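All chains are identified by letter, namely A, B, C, D, E and F, in their written order; residue positions are counted from 1 within each chain.
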Amino acid sequence: MSPELEQGLYVFVLATFVGFEVIRRVSPLLHTPLMSLTNAISAIAVVGSIVVAGEQKTTLSTVLGTVAVACSMINIVGGYLITYRMLRMFRKSDRGKP
Amino acid sequence: MIERAIPLIYLGAAASFVLALKWLSSVPTARRGVIVGIAGMALAVGGTLLRPEIVSYKWIAAAFVAGTVIGVPMAMMPMTAVPQRTALSHAFGALAAALVGTAEFYLQAPRIDRFTMGALALEVLLGFLTFTASLMAFGKLQEILPTRPITYRNQNVVNLAVLGVAAGSGAYLVARPEAAWLFPVLAVLSLLFGVMLIVPIGGADMPTVISLLNSYAGLAAAAMGFVLDNKLLIIAGALDGSSGLILSVIMCRAMNRSFTNVLFGAFGQVQEGAGTAGEQRTVRSATAGEAAAILQAASRVIVVPGYGMAVAQAQHKVRELFDALTKAEIDVRFAIHPVAGRMPGHMNVLLAEADIPYDRLVEMEDVNSEFPQADVALVLGANDVTNPAARHDRSSPIYGMPILDVDRARTVLVVKRSMSPGFAGIENELYHLDRTLMVFGDAKAVVGNIVRELAGGGGN
Amino acid sequence: MKIAVVKEIREGERRVALVPESCAKLAKAGFTVAVEGGAGNGAFFPDDAFREAGAGIGSDPAELLSGADLVLKVQPPMFNRIVGRHEAYMMRPGAVLVGQLVPARHPDAVVQLAGRGITAFATDRIPRITRAQPMDTLSSMASIAGYKAVLIAANLLPRYFPMLSTAAGTILPAKVFVIGAGVAGLQAVATARRLGAVVEATDTRSAVREQVLSLGARFVGVETGESAEDAGGYARELSPEFYRKQAELIAGRCAASDVVITTALIGGVKAPRLVTAEMVRGMKPGTVIVDVAAEGGGNCELTRPGETVVEGGVTICGDDNLPSTLPWHASTLFSRNLTAFVLAFWKDGRFRVDPADEIQRAALVTHEGKEATG
Amino acid sequence: MKIAVVKEIREGERRVALVPESCAKLAKAGFTVAVEGGAGNGAFFPDDAFREAGAGIGSDPAELLSGADLVLKVQPPMFNRIVGRHEAYMMRPGAVLVGQLVPARHPDAVVQLAGRGITAFATDRIPRITRAQPMDTLSSMASIAGYKAVLIAANLLPRYFPMLSTAAGTILPAKVFVIGAGVAGLQAVATARRLGAVVEATDTRSAVREQVLSLGARFVGVETGESAEDAGGYARELSPEFYRKQAELIAGRCAASDVVITTALIGGVKAPRLVTAEMVRGMKPGTVIVDVAAEGGGNCELTRPGETVVEGGVTICGDDNLPSTLPWHASTLFSRNLTAFVLAFWKDGRFRVDPADEIQRAALVTHEGKEATG
Amino acid sequence: MIERAIPLIYLGAAASFVLALKWLSSVPTARRGVIVGIAGMALAVGGTLLRPEIVSYKWIAAAFVAGTVIGVPMAMMPMTAVPQRTALSHAFGALAAALVGTAEFYLQAPRIDRFTMGALALEVLLGFLTFTASLMAFGKLQEILPTRPITYRNQNVVNLAVLGVAAGSGAYLVARPEAAWLFPVLAVLSLLFGVMLIVPIGGADMPTVISLLNSYAGLAAAAMGFVLDNKLLIIAGALDGSSGLILSVIMCRAMNRSFTNVLFGAFGQVQEGAGTAGEQRTVRSATAGEAAAILQAASRVIVVPGYGMAVAQAQHKVRELFDALTKAEIDVRFAIHPVAGRMPGHMNVLLAEADIPYDRLVEMEDVNSEFPQADVALVLGANDVTNPAARHDRSSPIYGMPILDVDRARTVLVVKRSMSPGFAGIENELYHLDRTLMVFGDAKAVVGNIVRELAGGGGN
Amino acid sequence: MSPELEQGLYVFVLATFVGFEVIRRVSPLLHTPLMSLTNAISAIAVVGSIVVAGEQKTTLSTVLGTVAVACSMINIVGGYLITYRMLRMFRKSDRGKP
């Protein structure tokens, strides 16, 4: 077993646990914003995309990388913005009560 | 020099994501959660930009601008379109992962070790299938595509075959990375499988499916992390993978659907999904948890007690519910139908026992004009007295009886044990309305659960 | 169309068939309403209130009745001693009479009405269907009877109803046993529970069990394979074997109780004998029986309808007109029931007699000189 | 030591000073108890029960009283028409009498007792301290009076007490107004609430506000700087200014209420006039007033103690012996109170008269031929 | 060959520990938690034994036997001695970490890199201090040492100085690992600091301190993991460190103590700990959460309602409490004193309104003999009727009144708003008993909170 | 920053999170057994101890290692046993209830 794999697996297993534990008891009220947030987080592929786009090793990789960065960016911007908007709504409807 | 800090920056980003999820899962800290999530992403992007491998920022900058220009308006879609938007946004995220995988493959192959190749194949498979599946989900939600499940004979065999071939290509590539011609096969089959996965799933299940696709996208990112030996990617991907999975499980439970049914929906639904679904009279059911969430989000609630509340002796629990909602500054009133229960004043006796203030009871004539303004009508074991057939169905034995117009409220929650009829022995069309959610169970137990959810569900 | 309401002449009757609130409603619908002066006094509705509601006040019942197309009454028509004539004969042939006639208990009145050619509706025969509930005088009156039965019992009982822990020791709650848990019985259960008593109830119909539990009381019953319910939802007669078992049960519960409230009726009319003199002898001194079924003959052998008697330390209240002891609300509800009935068949300025209608068919007692067959 | 209990001779009095349960207790402590035959009948305690409890049954009250060292009574001694002698004079000098004598209302009895050299304790004068609560007949009787007052009102009222939604429309809950929220008033509040009425109460003492709220009812009061409480915890008289403001308040509340229950007493004895004839005229026909303070003269101007009258549609019940209408429990509690008193001072086979004791000093009315000064 | 599986075995062990903690934190899964914990430890030990570095098993086997021989009887100590036992067991655990650190130092120094040396210094510091601190805690709990806090002037200055010098030695060693003579200094000072840390903390706080020491021991293990580059050690240590920390925070909160007060107890308590504490009439107060925990652990509860329950109109909340406890199969009865409240039967009216079954009410004469068997007497706004002065204080105005002997229950929980007296205007010595805990607040609010804790505290 | 440290830190941070999350809402009833369990887990030092004892590099290290193994073992055996006993008690008292 390569050390890379070993390290990776540790981190993966632990992070999976954290994910489970953290979400396990979430209020149903927050399902939708949570989905948007995890959506935004899944755009972490941007890290890989930037490297591929920036390395400029081959044209193919640069093009693919650039497209990937753009795609990730849509995801990031959109995901966070919408989450934020949703949460703001919560507030408003709270205040609007009689 | 500065790049020596990159691991620390990544560590910070990973911690931020964890905190973001944690905080977002309870109402009072949710906003903080978003902010720390944004910070985490900023750290991740910033850290990456510092990396020495990057030789030119030109394309990156261009891509940033393009992404933002498309992303912002997408986030401004109306709130009702959130599921679609999420699906679309997913498609982009997954595509990014798949494209990076592709680029890496052509950069490294055939000098690629087995471990890396395995992770890479997984990344590409998940990335592409999530891409098309998300697009399909978007189409169904936006009603560009037909929302009803499309099924055909042996669908499951075909689907499994496609997935099998795709996985097989991946496996072969691991063994012999030089067979580069197999890579496009893998990619295309993955794209195809994504489409086929969604075709047989109905529009109503899409939110759950999206959450699941989220999980897949996360796993793709984690796989990318293994390829690039990047812990941040692994953590964020794993977080996403697990939280997406558990979230879809929770959502299924809240919709009273079996998770496997949705997860393997493509294969499981073939039999039942076929044919008339959609034309049939459907009933939507909800759990106590979902009911609690709906009540929590309301400003005006009208409770309609009936004989079932009496049978369940749920009056004290109803009192607790009243207390909990009132404390949350939600306006709660009780609408007592003249013939609810089995004797004149049956409901009054019970509500008085539970000491519900008299001024919270409203007469039928007065309350009927208020239902359209009510966010929720909570029907507790009442049936005949809420049956709209009394208004229009001349053949119904209760035709002409004045009823409580609960069907005019924005959402109707009906608590009863089953679909059985009430005293008059007739079906109630109320239960088939779009705005109606059935919460099945004994009224005392259900209301008790709702109260518990309201108390604990706040998140802390 | 003219409506007439006269003062009820049955002794002790304090109700009135229409209250001002309903007069106003009927007047608005197009009726002309006339009420006998003082008809509402017993129920605390002064003549002025009727006047304000748009009703005319007459002083001669004969005149009022003979001039009316529609007569509303609480009690069946009877011989008016003051005027010296039978109420049925003061009405004009072809007129319509609506009231709680209980034809099975008043066959004489039915004969008179038929003979006089009057179209008579008995509200007590209105079917117990959901749609007809607003007209259902039996339910509204039975509810009052059940409520009052408990209050009377609590007043007669030499003990407290509720449990109380006091410096002078603990007072145990009274045990109340309700026989027959129809509308009156259920209301009695509810009222006794409100006052803090420990309540048990029994009935022959199986659906009642759940209803009693739904009021937080205990149900005791005889296990039976027989169906105790007739098509109309009323109790029907059962086998001797059943009654024997039931008698055992009742004797036991009565002996252990402080208050017994009996409300059992068969077919809505006849009171079965359920509490025998023997059983009364087995009861503790101070026990109170309120026989709500007194008007139907009484569920207790020792009940004397209309009287309260004490037998061996057991007080037996046989009040045969309990609703009349709550005259304001009894009149109000009765009046609303009649008004609902009248307005339901009031079309194009006319009260339509329509024997094809499910409700009218059931309620019709006499029509065009003949007794209706139901 | 011999204890005698005779049949109470006040008209309508159904209580008995000792019940079998207490007889047994006293007998066990060493007393010899004798009870007049039939003394317990009104409260449903047959002679046999007394016999079983170890008491002797006598038939001649004179004999019983003259032979006793300790006499227990409910009512103050009075002239026995059948025997032709005053009860005080049937007792032997030096004997001890314990009962609810209410000396302020029965000065004649006090004179007789003093003259006869009897040591008399009035249980109504036992201080309201925690330790003395088991002997406190005022509390146990007032509690019954408050409870019964509401039941009587509910029985007299032509309306329902609780709110009910029925097919014939909604019945609004009765409004009950309780004046004076001591023990009786609070029990009335609790009972009316149990029956589903909407209840308001008023009192002059400030501590009462919280007590009324603690029963879930509403308190209405006159804001006042004056302290309304005397040293003993009883209400004291207040300034004319206060009474003027209070009258306004009461008039308003009475006019809006369906039932008014008055229980106000000053110094535990005197009933202030709080509801005037004028106010009664302002009340709705059908309204019921139950004047629990009737024995103290009544809080309502139109109250006729001992009678129920109707004035302008308002029924005013002036029953001056409410506890006696719940004879079984009233006797039981009374008897337990007396027993607690007797046993508290029963030492070494003797009932000790000890004017130094806080409780005895307060309760002592006559001793060694003199009126005690308290 | 087999040793290639060791990383996987370790991964399995780490996962097992996580699951063990997770499952142990809710009652229904707790046993499963222990079992998986044992499995994890077996994997860890087994995996380690497979390591190729190990040349001889002789000593290891001997040590295993020795450890088991000592460990088993220690685990058989009576349940009441659990805190002591835990403390002692800790001492051993911490010692092990410290000894391994020492061995590693002498094996590697001075050819030791800075990072390793830093971790090693931390390991040794934490290990030794936890060792002596645990021993001290054990002594205090076992009452071998005086339990009351021992304080002196400038204690905090002295303590900080010792810690400072120890940390300084460690830091110097990182910079110059060849200064091996400093190592014993570090060890001794750590041992010393452990003692000094516990001296000023009172016996009552020991359970919290133990939990905190647990956390330190965990951190020592994690530090060892950094030294040996062993992920399993890091994970288990970090788990232990964080869970121990959060557990002590929770325990503090449940005892209504500030965490910092205990954490920096050594320094903070100097001022207040001194002097007469103990002679004064003290009052112990608890939060609703603690009250809930106490109730949850009980089998028999007797509730004593009084005027305060009526004033607070808490009867419906009391009903909820009754329901919740009954559901947990706890026997709940109500003891109503004859003069509780302000009118005869005051309590009955309210309990009947809340529909508490009559058979749950017990008379005073019957209940007084049951208090000694009751785990908890819950006094809700009653005061005079529970005042033991009535039994023995001839000068008290309530002397001679029969009272409810709540003071004979194992634990007495008193719910009232303040220390003010009741109707009789006298102090109640009940509140100063050792077994009494005051829960201050409005009865309705407090009972409501207890119910909420009971519902939410179950863990899931 | 050495990769060792980096890897270690990731794992450490994640595991800390997991610990917090898992324990955060524990029922007060379980505080004591949990303490015993974490106590047992902290005996993980046994891993290091075994290696030191088994390597037999120097006498000192072997002796120290052996003592450490014994100490850890006490901790392990005692910790798990007592936790188990405690939980068994829960069961019993549950059943013992009327």
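Quick note on the criterion: a residue touches a chain if its C-beta (ideal position, glycine included) is under 8 Å from a C-beta of that chain, and two chains touch if they have at least 3 such contacts.
Given the structure is predicted, the values throughout are model-derived calculations rather than measurements.
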Given chain D and chain E, the chains that contact each of them: B, C
Chain labels contacting chain A and also chain B: E, F
Interface composition of copies chain C and chain D: same or different, split at half: same
Most remote chain, CA-based centroid, reference being chain D: A
Distance from the mean Cα position of chain E to that of chain C, given in whole angstrom: 68
Whole-Å gap separating chain A and chain F, where each centre is the average of the chain's CA atoms: 34
Intercentroid distance (Cα basis), chain F paired with chain E, Å: 17
Cα-centroid distance, chain D relative to chain F, in whole angstrom: 73
Multi-partner residues of chain B (at least 2 other chains): 14, 18, 22, 231, 235, 338-339, 344-345, 349, 352-353, 355
Junction residues of chain F - those touching two or more other chains: 7, 10-11, 13-15, 17-18, 21-22, 25
Shared-contact residues (touching 2 or more other chains) in chain D: 133-134, 139-140, 143, 162, 164, 166-169, 171, 194, 196, 216
Set of all touching chain pairs, with the criterion as stated earlier: A-B, A-E, A-F, B-C, B-D, B-E, B-F, C-D, C-E, D-E, E-F
Chain A residues within the chain F interface of the complex: 7, 10-11, 14-15, 17-18, 21-22, 25
Interface residues, chain E side, partner chain B - complex: 316, 319-320, 323, 353-355, 452, 455-456
Chain C-facing residues of chain E, complex: 336-340, 344-345, 347-349, 352, 355, 358, 361, 363-364
Residues on chain B engaged by chain C in the complex (per definition of touch): 307, 310-311, 313, 338-339, 341-346, 349-350, 352-353, 384, 397-401, 423-424
Complex contacts: residues of chain F adjacent to chain B: 1, 6-7, 9-10, 13-14, 17, 21
